[in-house]
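The block underneath contains the structure these notes are about, expressed in structure tokens.
We just call them A, B, C, D, E, F, G and H in the order they show up, numbering each chain from 1.
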Amino acid sequence: MNPDELKKLLKKVKGGKLNIEQALDQLKNFSYKDLGHTKIDAHRELRTGYPEVIFCTGKTVEQVSDIIKHMLSRNNNILATRANEEIFDAVRRFCPDAQFNTLARTITIKRKDMKSPATTITVVSAGTSDIPVAEEAAITAEFFGNKVQRIFDVGVAGIHRLYDKLEDIRKSRVIVVVAGMEGALPSIVKGLIDKPVIAVPTSIGYGANFNGLSALLGMLTSCASGVTVVNIDNGFGAGFTANMINRL
Amino acid sequence: MNPDELKKLLKKVKGGKLNIEQALDQLKNFSYKDLGHTKIDAHRELRTGYPEVIFCTGKTVEQVSDIIKHMLSRNNNILATRANEEIFDAVRRFCPDAQFNTLARTITIKRKDMKSPATTITVVSAGTSDIPVAEEAAITAEFFGNKVQRIFDVGVAGIHRLYDKLEDIRKSRVIVVVAGMEGALPSIVKGLIDKPVIAVPTSIGYGANFNGLSALLGMLTSCASGVTVVNIDNGFGAGFTANMINRL
Amino acid sequence: MNPDELKKLLKKVKGGKLNIEQALDQLKNFSYKDLGHTKIDAHRELRTGYPEVIFCTGKTVEQVSDIIKHMLSRNNNILATRANEEIFDAVRRFCPDAQFNTLARTITIKRKDMKSPATTITVVSAGTSDIPVAEEAAITAEFFGNKVQRIFDVGVAGIHRLYDKLEDIRKSRVIVVVAGMEGALPSIVKGLIDKPVIAVPTSIGYGANFNGLSALLGMLTSCASGVTVVNIDNGFGAGFTANMINRL
Amino acid sequence: MNPDELKKLLKKVKGGKLNIEQALDQLKNFSYKDLGHTKIDAHRELRTGYPEVIFCTGKTVEQVSDIIKHMLSRNNNILATRANEEIFDAVRRFCPDAQFNTLARTITIKRKDMKSPATTITVVSAGTSDIPVAEEAAITAEFFGNKVQRIFDVGVAGIHRLYDKLEDIRKSRVIVVVAGMEGALPSIVKGLIDKPVIAVPTSIGYGANFNGLSALLGMLTSCASGVTVVNIDNGFGAGFTANMINRL
Amino acid sequence: MNPDELKKLLKKVKGGKLNIEQALDQLKNFSYKDLGHTKIDAHRELRTGYPEVIFCTGKTVEQVSDIIKHMLSRNNNILATRANEEIFDAVRRFCPDAQFNTLARTITIKRKDMKSPATTITVVSAGTSDIPVAEEAAITAEFFGNKVQRIFDVGVAGIHRLYDKLEDIRKSRVIVVVAGMEGALPSIVKGLIDKPVIAVPTSIGYGANFNGLSALLGMLTSCASGVTVVNIDNGFGAGFTANMINRL
Amino acid sequence: MNPDELKKLLKKVKGGKLNIEQALDQLKNFSYKDLGHTKIDAHRELRTGYPEVIFCTGKTVEQVSDIIKHMLSRNNNILATRANEEIFDAVRRFCPDAQFNTLARTITIKRKDMKSPATTITVVSAGTSDIPVAEEAAITAEFFGNKVQRIFDVGVAGIHRLYDKLEDIRKSRVIVVVAGMEGALPSIVKGLIDKPVIAVPTSIGYGANFNGLSALLGMLTSCASGVTVVNIDNGFGAGFTANMINRL
Amino acid sequence: MNPDELKKLLKKVKGGKLNIEQALDQLKNFSYKDLGHTKIDAHRELRTGYPEVIFCTGKTVEQVSDIIKHMLSRNNNILATRANEEIFDAVRRFCPDAQFNTLARTITIKRKDMKSPATTITVVSAGTSDIPVAEEAAITAEFFGNKVQRIFDVGVAGIHRLYDKLEDIRKSRVIVVVAGMEGALPSIVKGLIDKPVIAVPTSIGYGANFNGLSALLGMLTSCASGVTVVNIDNGFGAGFTANMINRL
Amino acid sequence: MNPDELKKLLKKVKGGKLNIEQALDQLKNFSYKDLGHTKIDAHRELRTGYPEVIFCTGKTVEQVSDIIKHMLSRNNNILATRANEEIFDAVRRFCPDAQFNTLARTITIKRKDMKSPATTITVVSAGTSDIPVAEEAAITAEFFGNKVQRIFDVGVAGIHRLYDKLEDIRKSRVIVVVAGMEGALPSIVKGLIDKPVIAVPTSIGYGANFNGLSALLGMLTSCASGVTVVNIDNGFGAGFTANMINRL
């Protein structure tokens, strides 16, 4: 229940179109809905502006389905990350218009429109192998109503590919930069452009990459001011934050 | 052989109802029973109050079966942790009333009752994905005769869900808090409630979680006094300690 | 040389008020000024919106002095971080109006005004010991012309102190949260407020804190969406990014 | 203000011995006292049973003095940990009866008595070098009114020294075991005694000890059930938890 | 070719029973035999007293077979560690008397006897799950002609099981102690017995065990003098060193 | 397009054999070719002397195929590393003369000859298990036109095998040394020979090897001057650098 | 009290030369002597063959003095490791014949002779900087009555220096090899000589040495069989074990 | 004694200008000179082309002086790294023309000329704070007779400073790139220039830099082919290798 919906309900009560009993009934699960295994944070939209997003790792197919069913019953838009084919098959059975992005591993369901900010978010990836994480960021940003520009495979080994796209990137309001290996791309981008850069280290690489540690440490110790970092492979977190900044 | 049983035996010897030979025979495996691969610590119950619990990881199906058979022959209650379907199938063949909890991965067999403390243990989990570890803690505490209250999915991203349950939690004597990711929940709970908190970090998360390291370090460096920590995913250890404190 | 200054110069050339020779002379060090040990990035202001900031660690007193002298000669505002008394003494000799903040270890010199955004940045610290890092963030944000609200010592061990300040925090446009130990505060704040949160782990703590690692990992694995992280003790980076977002 | 003091005040209001104005005045700083740098959690005693303890690391001498002065003005008992001679000199100036324990690095000031539990806490140390941490635990437990038995230097290299003291240890209600190097002592103690064991790893050792990491990991992976662990060198945390369990 | 065989050959040459040509032919591969992928160190027996042992990890079935075939052609005894069923099936085809120990994952083939030292090596394991590594140590020691006493599952959680076997252990000349989790057993054993102790950490455990790191660090920082350590799970190395010491 | 080809094109334009339109068409993808998922760095050969090499990890079969097809259309030689059977099957379908080396996991396709330097590169491996990485280095060096000498299984446990080959190694111009476990071989080789040594740590080993960390740290801290190191298992990087040095 | 002294006392009792009272008095502190801060393990000599050695780190000057005084009162030989000038000054005051080795940082006092084994221990160091640790090993071995051969600075960067000394080393019964940096020397020595090698990693080095980690991991993963390892910089542990093996 | 000197000596023997006795005397210390604490590798120059360099860390002033004196007696050029004022004062007393570079911490003494290669080595540093390490590399390369071009402070935060110098860098034969923090500069340089790049990570930075770990991992996982890496802060190693490649 978002602020607009809450206001409408209260107006109806005031105007006598809804009696107290009816209002209470609608507000019963206002704070959270307890499914036993999960307490869906129904209040989050009111408090933080966005409905809960479902992180599928470690949840059973049944648990994810329960959560989505309940949220659909409240007419929420759905974003489930780290999903897989098995979960999607279960969801499709009760919600045929669900979408699955195999690269980004996201399930999305749209029930109501979100206002689109006028400005754009750009998602940049260093390499082809970083695309799944970059896509998770892009789809998350789009889910929340943003225009997203994708610029992939412009890593520092062939830096002229980045220069070629610099003007396009400059036009956006906030930039998500996804990179594995040494994670140098966010420093370069931030050194060239006066916009907030959200850096996403990926676990792409091997050996001394140590599952993304090299990119993570590289980004945290970036010599360019104005780079902030999210967890390894956390495309969702970057897309979510980019949306939040884009809407300011 | 627990203290009560030992006392009975000694009384029988004193009263002449058991001759020395017979007593010796009964006491033969008093200290431990050597199965070759395993020395079952028969003395533990006398020394520490509780029979040995079987940690299945790294043991063959045959070894686990041998141990359970011997313990059943001495009329022990059985708790086997980190079990799997294959082990359970083998156990069920010689003990049809064995119970398997698929979430907690525990096998339990009940042969004698334990006195129940009057007070309650509460097991709190931060997320839905932490439930398997939380269940291991809860089942362990119940196995040793405790009343257990489960409160799941009240993590810090929607902290009002915790507040809603605070009064219920306050009524318990000791609290087990299970959390992955940043492992912040035990600090919050301990900051609000005057009861011992046993924190269990889980390996839930990805990237900089490093298989539970982030939650472990977070709990160890908790700014709230009175939090103690067990190993990553060690629901059993938390449940066992909670029982011990609840019985004081 | 910022965009406005550059425009003026070009207009003068166009209007014939400045001949090519004179313009060239003024533009000579346009790209960077080479001091031998240091190449001052004179172009940065044009490219990223802000003049270079001096990170004093690893530089000799002479090097820092050289850099500041050159930048003053170009009428730049000066921010030097990780400074110490020895550096400040040297700077004061040629620039008596330099300011030294002993807690934040910053030297600031003001030569021209910056436009102030209408909105506010809030800097929150978990503990008293985190104040030096929080001050570095606050002073950096103020240096770039922002209004800064400081709310210190509201860590999770006494979370009601945070609740008491929640309304104040909600009014700001972007929030910097500074915390050591388990680094849980950013998750709590983000779970309650719909604004971008920049998390700064500090090296405050001991033992399993491992010089800030526990707070860093905790913040990176935060279960609250929309938290981004900078390097351990990097108050400057957080203040700089907060300014950038506040000006969008 | 502890629960008893709060009750008295409310009774006075009810009985008309205190008017609303006066009561409000006394309750003004009920929740916390804001010193600017520090928000003293005055509510903690009510909420968690114990007043705030001052962790001196990272605080200036002035900040610590401010906090102690304010707490003394409310007639609190004072425990400051990780103190040093400089802080103590400052405190002694305004509070001549303050006590400094050079080994444990604690400052204690007593203003009101605490009820003593009938049962005892035992603090065991593995080596002579672990005594400072063990003393911090013992003094903390004594500060909160407990009887404490100290048994030092009974590490596993000469395990008969422990056996000799086993009966003494068994009589206590909860045991704090402090050990550096391989941190094996808690496992041994727990394997022999049916009482909760709080394990404190110390940074004593060198090389592969990695500042207490070896003892920390050893204790976390203890093969004995019922061992819980606090941070490296965290004698205070162990003493605090022991008190909490001893009072149950 | 061991020293005895070399002496015989040289005597034959001296006595004219072998001409130079023939001797050269026999000595041709004296130093090493080059199989392309592998250079079998034929000289090792002469230099270090023992033939080369085959570590199967990372070698193809064909490579292992080639090596064994060549060594058999020189009448060597064979010990292959970290073998598996697939390798054993290939070996059995050309050497039907090869033995495979499924627990220890060793293949052994005997072609000539080794002199047996009079004294015994004892292999102690802390838990049932440590047996595979303990067996690798025991079989290695037996392969080189030693008498081996196995004492399994006497870990520190039930230390009386160790005491019960102490006299048996004392009679041996060198002791291999195998333990996972906190790795405390070697310290205990060494504290009680005046014999060299070779400690083998195992990767048994979970969470903060970090694949054997906790046991490894625990053993390296042992407070008992005279403990030396081999790599995690390196039963072979321990058995080999025990043999070397037992033969002194 | 390499420098020679570019020169030819420009000469044709100058000589009127190619009109501007035609030249533009040929130069259109001069800088890079954008395949959507990948931007093939067509300019690299001009800039760094060598065409792009395809690192297959994290790329789909379709993406690798697209890249190879495009590069073949420009008549490039192809080297794809970390390939597998599935990728090779796809490639063979449109390019029947592609070669797959199962040990080194490389796909190579030859379209034009490269000039061969007169001097030789030697690739040395410490053990049989290190051969896959050594082969990746050797094949890479050969792909770029170098003569490569392979010397395998000459690790430090039988150092005479190395001595035997020392004269052969000395004749080469640059040496790649591949080793796992303790990674000592590069130090030995460099201590004996006056040539640049490129050290490649491998992940061969177990336990305290920590996936190649022991070899990596060993090589980085080598006491022999003139050893440089590439990433764990990075045979390609070593072969590429060796080629670059061999061509100087 | 060593076995011989104990036997004498018992004979006196048997022969009536000592009455029970007198014997009890002499045996009173038989098990350990409790100094409050320290429990001197008087039984150790009987149990493990050697008196307790004093590890000075973390002990106050007073504590070390107390321990030495008590041990001298029982006519023990004294070995104190990790001592410093301050401790030595205190000891010299009550024991003028105490010896301090500034390199090894050991204090030694001799009161009774130990039988010398016929065979020799060799202590080898890789570099000049490793000498302090090597000396600690050598002095420890000499303290326990062994002949020690020192061979310093024969590291792998100039391996011919080792070869030159090989015959000398071969004559010893057990070899201690001390090395920092990549820690490769023990593998080389063990590959050449058929004797037990005790490897001591040192913290000599910088950067990726990580305070001895590189040498430690290198030695643990040694490809040469029969190398066992002690803690970083633990010269004492190596000397102690060497003595134990030399006396077998 | 370098090859030329050796040849001369042998010619004199052949020509009868030197009798066997005299030759032996001159060759006596040919292999190494044993100073007790140090065995100076006199053979190194013959074997690897360069005399031994003295690494001062961990050596006493006396040991360094002894080594330098002996080497001067053989007319060697001297390079001592990681020196300090105290060592330099001692050296200057017996060698007044010794040079000390305070930034690079090197002592150099010149006794004979080295042939200079025609080509140049370029040493690039990312920041001003990296200069000490860069200077160590530059001075080492110059010591061995190379022409060195220094280009400092061209890090990725202002990448146009690098572009400005690209043509100068391209003219050199081998490039040393020194960088701390995220260590991104070598990837950029290598992506732009077709020359071997030796990357030197520095410990400049703080927090997640972890004493150079971030730069080290970043360089090892560089996405640009042809980058090799030396130890953290190892300017000497980079300069030495650059010389070796420059002389090929």
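The rule is short, and it goes like this: contacts are C-beta pairs under 8 Å (C-beta built on N, C-alpha and C of every residue); 3 or more make two chains touch, one makes a residue touch a chain.
These figures come from a predicted structure and were not determined experimentally.
Shared contact partners of chain C and chain F, listed by label, are A, H.
Of all residue numbers used at the contact between chain B and chain E, under half are used by both chains, marking a mostly different-residue interface. Which listed pair repeats G-H comes down to matching contact pairs by residue number; over half match for B-E among F-G, B-E or D-E. Between the CA-based centres of chain C and chain G the separation comes to 54 Å, rounded to the whole angstrom. Separating the CA-averaged centres of chain A and chain C is a span of 28 Å.
Put simply, the C-alpha centre of chain B and that of chain H have 61 angstrom between them. Separating the CA-averaged centres of chain C and chain D is a span of 38 Å.
Touching two or more other chains at once are residues 127, 157-158, 190-192, 207-209, 216, 220-221, 225, 231-232 of chain B. Chains that are in contact with each other form these pairs: A-B, A-C, A-F, A-H, B-C, B-D, B-E, C-D, C-H, D-E, D-G, E-F, E-G, F-G, F-H, G-H. If you check the complex, the residues on chain F that touch chain H are 47-50, 53, 173-174, 190-196, 198, 216, 220-221, 225-232, 236-238, 240-241, 244-245, 248.
Interface residues of chain G facing chain H in the complex, by the touch rule stated above, are 127-131, 152-154, 157-158, 160-161, 164, 204, 206-209.
Residues of chain D that touch chain E in their complex: 126-127, 155-159, 181-184, 187-188, 190-192, 205, 207-210, 213-225. On the side of chain A, the complex with chain B involves touching residues 31-32, 36-39, 41, 43-44, 52, 55, 57-59, 63, 201, 203, 211-212, 216, 231-234.
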